[in-house]
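By written order: A, B, C and D. Residues from 1 in each chain.
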Amino acid sequence: MRRLSFAEAVREAMVQEMERDPTVFVFGIGVPSHAKIFGTTAGLEEQFGAERCFDTPISEESMTGFALGAALRGLRPVHVHIRVDFLLLAMNQLVNMISCYNYTTGGRTPIPLVIRAIIGRGWGQGAQHSKSLISYFTHVPGLKVVAPTTPVDAKGLMIAAIRSEDPVIFLEHRWLHWAVDAVPEDAAASPIGTARVLRRGRDLTVVAVSWMVVEAMHAADILARHGIELEVIDPRTLAPLDVDTLAASVSRTRTCIVADCDWVFSGFSAELAASITERCFGQLTKPVRRLGWAHTPCPTVRALENVFYPNAETIVHVVEDMLGCGPFDLAGVDFYNHENRFKGPF
Amino acid sequence: MDESPQAMTAASIQTYRDALFEAMEQALIRHDHTVIIGQGVTDHKGIFGTTIGLGERFGPRRVIETPLMEEGSLGICLGAALNGLYPINTHIRADFAFLAMNQMINLAAKYRYMFGGLFEVPMLVRLVIGRSWGQGAQHSQSPQSMFAHTPGLVVVMPSTPEAIRETYAYAIAHHRGPVISLEHRLMYELAFRSDPAPQSPSASQSGTPPFTSRLERRGRDVTIVATSIMVLEAKRAAERLAPHDIECEIIDLHCPSHPDRDLILDSVARTGKLLIADTSWLAYGVAAEVCRIVAGTAPHVLTAPVAMLGMQPAPCPTAKSLEDMFYPNLRDLMQAIVRLVTGGDNPAIDLPDERSMADFYKTFRGPF
Amino acid sequence: MSIELGFALYKGLYLARRCEEYIVRHYPDDEMKTPMHMSMGQEAIPVGICHALAGKADILATYRSHAPFLAQTGDHGRFFAELHGRVTGTADGKSGSMHLSAPEAGMLGATAIVGSNISVAVGAAFANERLGTGRTVVAFFGDGAVDEGTFWESINVASLFRLPLLFVCEDNDYAVHTPKSLRRGYASLTAIVRGFDCLVYEDESNDVETIYFLTREAIAAARERRCPVFFNLKCCRYLDHIGIAPDGDACYREPDDVQSWRARDCVATQRARLIRRGLSEEILADHEQATDRAIEISIAQALAASVPAPDRLYRGVFHETS
Amino acid sequence: MTDVTPDPKDRHDRLFRTALLIRLVEERIIDLYPSDCIQSPVHLSIGQEAVAVGVCEPLQRNDLLFGTYRGHAYYLARGGDLNAMFAELFGKIGGVSKGKAGSMHLAAPAVGMMGSSAVVASAIPHAVGAALAARVRNTNQVIVTAFGDGATEEGVYHESLNFAALHGLPVLFVCENNGLAVHASLAERQAYRMIDQARLYGIPAETLTDGWDFLAIADATDALVREIRRDGRPRYLEVATYRSREHVGPAEDFGAGYRRRIGLEDWQDRDPLIQDTDRIARLTPEITAEIDRAEAFARASPWPEHEDLLSDVV
C-alpha cells in the first residue's frame, strides 16, 4: 500500500469527499494561501475552484456562524483554524448555537459541519498559540470531538466527520502532520466513538491523547527492552468516549496512566481517571496517574517548554514508580528528536 | 430555619442579593479606583438589584453602562486594570461570557505570566448562573470548569452572603489578578443567617485568601462536596437525614480553581464515602476533578465508588417536566446519599416528592 | 394594493397580535413557564417582509420571535404547545419561547444570544446561492445587536461575498432597557452601513403595506446588484423587554413615547384601511372571531397534550442518534 | 519622547537613528535565525519602521501604547531596552519577561509599552479601557493602539471604536495598513474603507500615504496627540505602509504567488533606510556595536529554571 503523511491523509479525505459530494466545501483564514495549512489544503482551490475553497476575513465568531448557516441549508462546511486558540473567538457560536441547534429544534436539524483546528506545539509558540482546549469542547453536550493520531485514522475519521450529521471538532496536533504510514486508497469512514488498542501489553495501560500517543509508544518500546509490557490505547474520539475499551484493558492490567495533551487540572484526564476509577474500582492496584502539561500558560523558551510538556521519559519514570521497577538505564535514548527536528518559524 | 423571625436581629440576616449590593457599594466607597462596567448596570433593574442606584450616587465615571459588546467590554476592563483601575465586569448570564472567551482565556488569564510578571490585571468578573424556569439552552449554563481549567484565573462560586462579603472584599482589596465569580440566580432572594460575629472584612485582614474550600457541616458517614446552590441542597438533605442517623459532612468547594485538597482528602479518609454535587455537567467538569483529587492520591480510603450529581448531559430543555429531570433535585440527592451510606434504598426514610428545587426556592425566602 | 393582499396582511397582523394578547391573559396562570419577549407593536415588520417573500424566505430570528414565527408559519398550534412545554411543540417542549423553529417551513430558528443569528443567516444565504434554491434569507435582529462586533463582521462578509440577503434591524430604540443614546458613539448607523457594498433602506412608517412594498423593491434590487440589503425599520415594543408589563411602566421610558406609537398601531391602521377600501366590517369580524376560536382551541389542545417523558430529555443531543 | 522642541536637524537624526536601529536589529535577527538560537516566531517590521518611529516620537513617558505581535519596532521606538529584548528573543532569564513572552509579546511598562497580543485585534479594547482609566483618574494620558488593517475586520474593533466615541476617550487609533492580513489582500477581505468608516463613527481621522516618511508621520501624530490632550476625545490615523517580509519568519516570499516583487522595488526606491546612504554610513558602526553587546548579553544570560515555570501564574 502507498504511504501518506498524516497531513496528506487529511487532504486526501477532504478531496475524496469533495469529489463525491458537491455540497462539501473547505474554508477558513489562510486555507487557499500558499502555506496551505501545513499542506493539508494543497490543491483544493485548483481542483474545486474558489467557490469551494476560500479565504475569509479575520472574523472568527461570524465565520463560525456562517458555517452553521451553510449547514442548516444543505451544505457540508469544513471550517479550518490554523490554531485552536482562535476558536475562543468563536465560543459563542460553538457552545451557544452549534452544540444545541439540533436539540432546540426538537431533533429535526442535521448540522453536518466539521471544524478542523490545529493544536499543539511548534517552538516558541507561547501562551496564545499552543493550547488544546480539549476539555472545553468535550464538556459540552452536542459536540463530537475527534483527535486522530495515525494517518489511517486521520483519513478515516475525516471522512466520517464530513459525513456526520452532527458537528464534529477535528483536532490535529501539528507534529502529527509528519507521521507517515500506509493509508488505504479508498474512501472508507472510521467509526466515530471507538478507541483503538495500538499495542497489547499485560503490565500497565496507558491511555494517551493525540501527540502523547507517540510518546507513549516510544515509552513502550523502551520499556519492552526491560521486560515491561505497556498496553497503549488511543481513544481517537474524545466525545463520545469509548469507556468500554478502556475499562476492559484496565481490568486486565489493573494499573493505568492517562497521558493527556492538555492541562491536567479539571481536564480530559480528570474525566478519564474518574471514569476508569468508577468502572474499575476495586480492580485497580494503584491510583490512576495522570500526565499532562504544567498548570501554567505555555512559556516560549525551550528550557521551560521541556519542563512544561511531559514526554516518553516522563512516562517511563511514572511506570517505574507505579510498578516499583527500574530505574532503567536510559542513556543514549533521544527524547527530544521531534523538538530538535522542528525548525522555525511557523 | 425553624427559629422565629423575632429571635433574630436584622444585622445577622441578609439576602444573597443584598450581600452582592453591599459588596458593590463598599467597593465603590472604599476604593476610588473601582469601577463597575457592564450591560444593564445603570438600568432600573440593576443586575438583579445588585447595582441599583449606584450609577446616580457614584456617577457615570464609576458605574459605566456599555452597549452589547461582551468581547470589547472585557477587553476594556483589562485595559483599565492595566492603567490603574479595578474594574468589576458584570454579565447577567454566564452564557454571554462565551462571547468574551478570547479576552478571558487568551488575554486576562495569562497577561501576568505571558509578560513574565510585568503586568497585573486585577479585576472581578461577575457572571450569573442558574435556573429559574424555562431559561433553556442558552441561559442556564454553568461554565466553572472551563474557567478553572485555565491557569491564571481564580474562580469562585459563593454559596452564602458571608462568602460574598469575604471573597469580594478580599479580591477587590488584595488580589492582583482576574477573579471570576459565578453567582446563582436562584439564591438572590434568599435570606441567610450568618454567624454572630461577621468576619468581613477581617478575614481579608488576616491575610488568608478566601480562595479555597469551606467546611460547612461535620458528619461521619459521607462527604458531600458541593458547589453554589448545591451546597444549600446538601444542607437541606443533611437535615432531613440526620434523624435517620445519617450524618453528612458538607464541604463547599467554593473555589473550583483552588480546591482545598487536604480538606477533601481528610474528610473522605474519615467517611470513606464521597458524593459530589455540582451545578454543571459532570463530564470533564468539577465532579471529575474532585474525583481526580481522591483517585489520584488515596483511592484506598474510598469504601464505595464515588456518587455524582449534576446537570444531565443535554442542553437545558425548557419544558417543566424535563427541566425538573435535567437538574438534580432534593429527592435525587437524598436517594444518592442513602444508597451510598446504607448500600441500598431505605423505605423508612421519607423522600420528598419530585417537586423541583425551583418550586421550593420560589416560595422559600429564608433565612437559611 | 388589492383588497385580497391587504386582507392577507391583516390576517397575519391579527394572528400575531391576538396570540400575544392571549398570552398576556393566560401568562399569570403559570402554565407557560418560559421567559417571554413579546413582539407586540412590532408585528408589521415580520408580517410585511414574510408576506413579500411569499413562502420563499428562510428566516432567522431572535428571542423576540413570536411575530416572525407566526408570520412565517401561521402555526399557532405548535406555537402554544411549545410555550406550554408539551411534546406537540416545535421542539418537544424543550425550547420554549426563545428558540421557536420550523425548519421545514423556512423558520430556521431563534437565538437567545443577541446578534448570534446574523452570521448564521449569512451562511444560509451562501448555501442558498450555491444550491440555487431561489430562497431569500432574512435575519431579524434588534438595534442592540448592532452593538455586537459580529454584526459588522457579518455585513462585511455578506458584502464581500455578494450575497443577496436581508438584514432587518427592528429598531425599537432599546437594548434590554438601555436607550440608543447610551450605546452609540456615532451619529448615523445607516451612514456607516452604506460604507459597505450593500443597499440600505430606512423606514419609520410602522405600516405593513409600506414594508411589504419596500421588501419587494429591495430584494429585486439586491438580486440584480448581487449584494445584501440592510433595513433599518423604526418600531416600538409595547411591552417590557421581558414579560407582559406595559413598556413605560418602569422608570426608564416615558409612557407618552409608547402612547404616540400606539396611536398609529399597525394592526388598527391596516384594519381601518381595509374598511376604507370597501371590505365589510362583517367579513373582518367573522375572520377575527374565527381566529380567536382557533387560538383558544390551540391553547386547550396544548393544555391537554402530554408533557415530555423522561426519555425525551436526551433526544436530539446528537442528530444521528435521535 | 520629550517635550522640548528639538532642533529640526537633530530631530531628523534622532528619528532616523531609531528607524535604522530597528532595521539593523531585525537584519541581525535574520542572520541569527537559521542557527535556531532564537526559537520564537518573529513577525518582522522591515518596511514599517517609520510608522512606529513617527507615532512614538510625540508621546510622553506616561502615555501608553498597545502594539501587536509585529511589535519589535514599537518596543524599540518607545525606548525598550535592547539587551532585554535580545535576551527575551533568546528565551533567557535576562529577557524583559524572563523568557516567557518571546517576540510576540514584547513589553516595557516603564516606558509605556504595554504589551501586545498574538490574537488579531485583541489589544484594541485594552487601549480603550486604559483610556477610560485615564479619564477616571484624570491622568491626562494619551493611549495609542496600533493595529494592522486585518484587525478592522474583527467585531471587537467596532465595539472598541463605538465605545471610545460614545464616551469620548483619549485614544489614538493607529492603523498600519500594509494591505495584507497574513497572506490575503485587502480586496479579498474588506467591503468598506477604513478611514471613511472611522469618520462615520464620529472620530476625526487622517490618512497618510507615505509610510516611509517618519517626519511626516511624527508631525501628523503630534498634531493628533495635541488635539486629544486638549479635548480628551479619540482620533484615528491610517498610514499606508509596506511589509517586505513574509507574514512570520525571516524570509521574503515573493515566490509564493500572492503578491509581486514590483511593490518591493517601488518601496525601496523611497525608503530612507536604503536611500540616505550618508546617515546610514555614519550611524551604522555605533548601532552595530550596540546590537553586538545586546546579542552577547543574551548569549551570556542564563536559562530560566524550573521554579520560573510556575511563577507569576495567579
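Structure notes:
Here is the rule we use: contacts are C-beta pairs under 8 Å (C-beta built on N, C-alpha and C of every residue); 3 or more make two chains touch, one makes a residue touch a chain.
Quick caveat: nothing in here was measured; it's all calculated off a predicted structure.
The chains touching chain A as well as chain C are B, D. Seen from the Cα centre of chain B, the chain whose own Cα centre is farthest off is D.
Centroids of chain B and chain C (each the mean of its C-alpha atoms) stand 37 Å apart. With centres taken as mean Cα positions, chain D sits 42 Å from chain B. Distance between chain A and chain B, defined via averaged C-alpha coordinates, is recorded as 32 Å. Contact with two or more other chains is made by residues 66-67, 69, 71-72, 95, 98-99, 102, 106, 113-114, 136-138, 151-152, 313-315, 317 of chain B. Touching two or more other chains at once are residues 89, 92, 94-95, 99, 111-113, 147-150, 153, 156, 160, 182-184, 316-317 of chain C.
Multi-chain contact residues, meaning those touching two or more other chains, occur in chain A at positions 56-57, 59, 61-62, 85, 88-89, 92, 96, 103-104, 126-128, 141-142, 295-297, 299. By the touch criterion stated above, chain B contacts chain D in their complex at residues 33, 35, 61-62, 64, 66-67, 69, 71-85, 87, 102-103, 106-107, 111-119, 151-154, 177.
Partner chain B is touched in their complex by these residues of chain D: 64, 66, 95-101, 105, 107-109, 114-115, 117-119, 122-137, 139, 141, 143, 155-156, 159-160, 162-163, 166-167, 311-314. Against chain C, the residues of chain B that register as touching in their complex are 39-40, 42-45, 65-72, 95-96, 98-99, 133-139, 312-315, 317-323, 325-326. Those residues of chain D that touch chain C in the complex are listed here as 153-159, 161-168, 188-193, 196-197, 200-202. Put simply, chain C touches chain B in their complex at residues 33-35, 85-86, 89, 92-99, 111-115, 144-145, 147-149, 175-178, 182-184, 250-252, 307-310, 312-314, 316-317.
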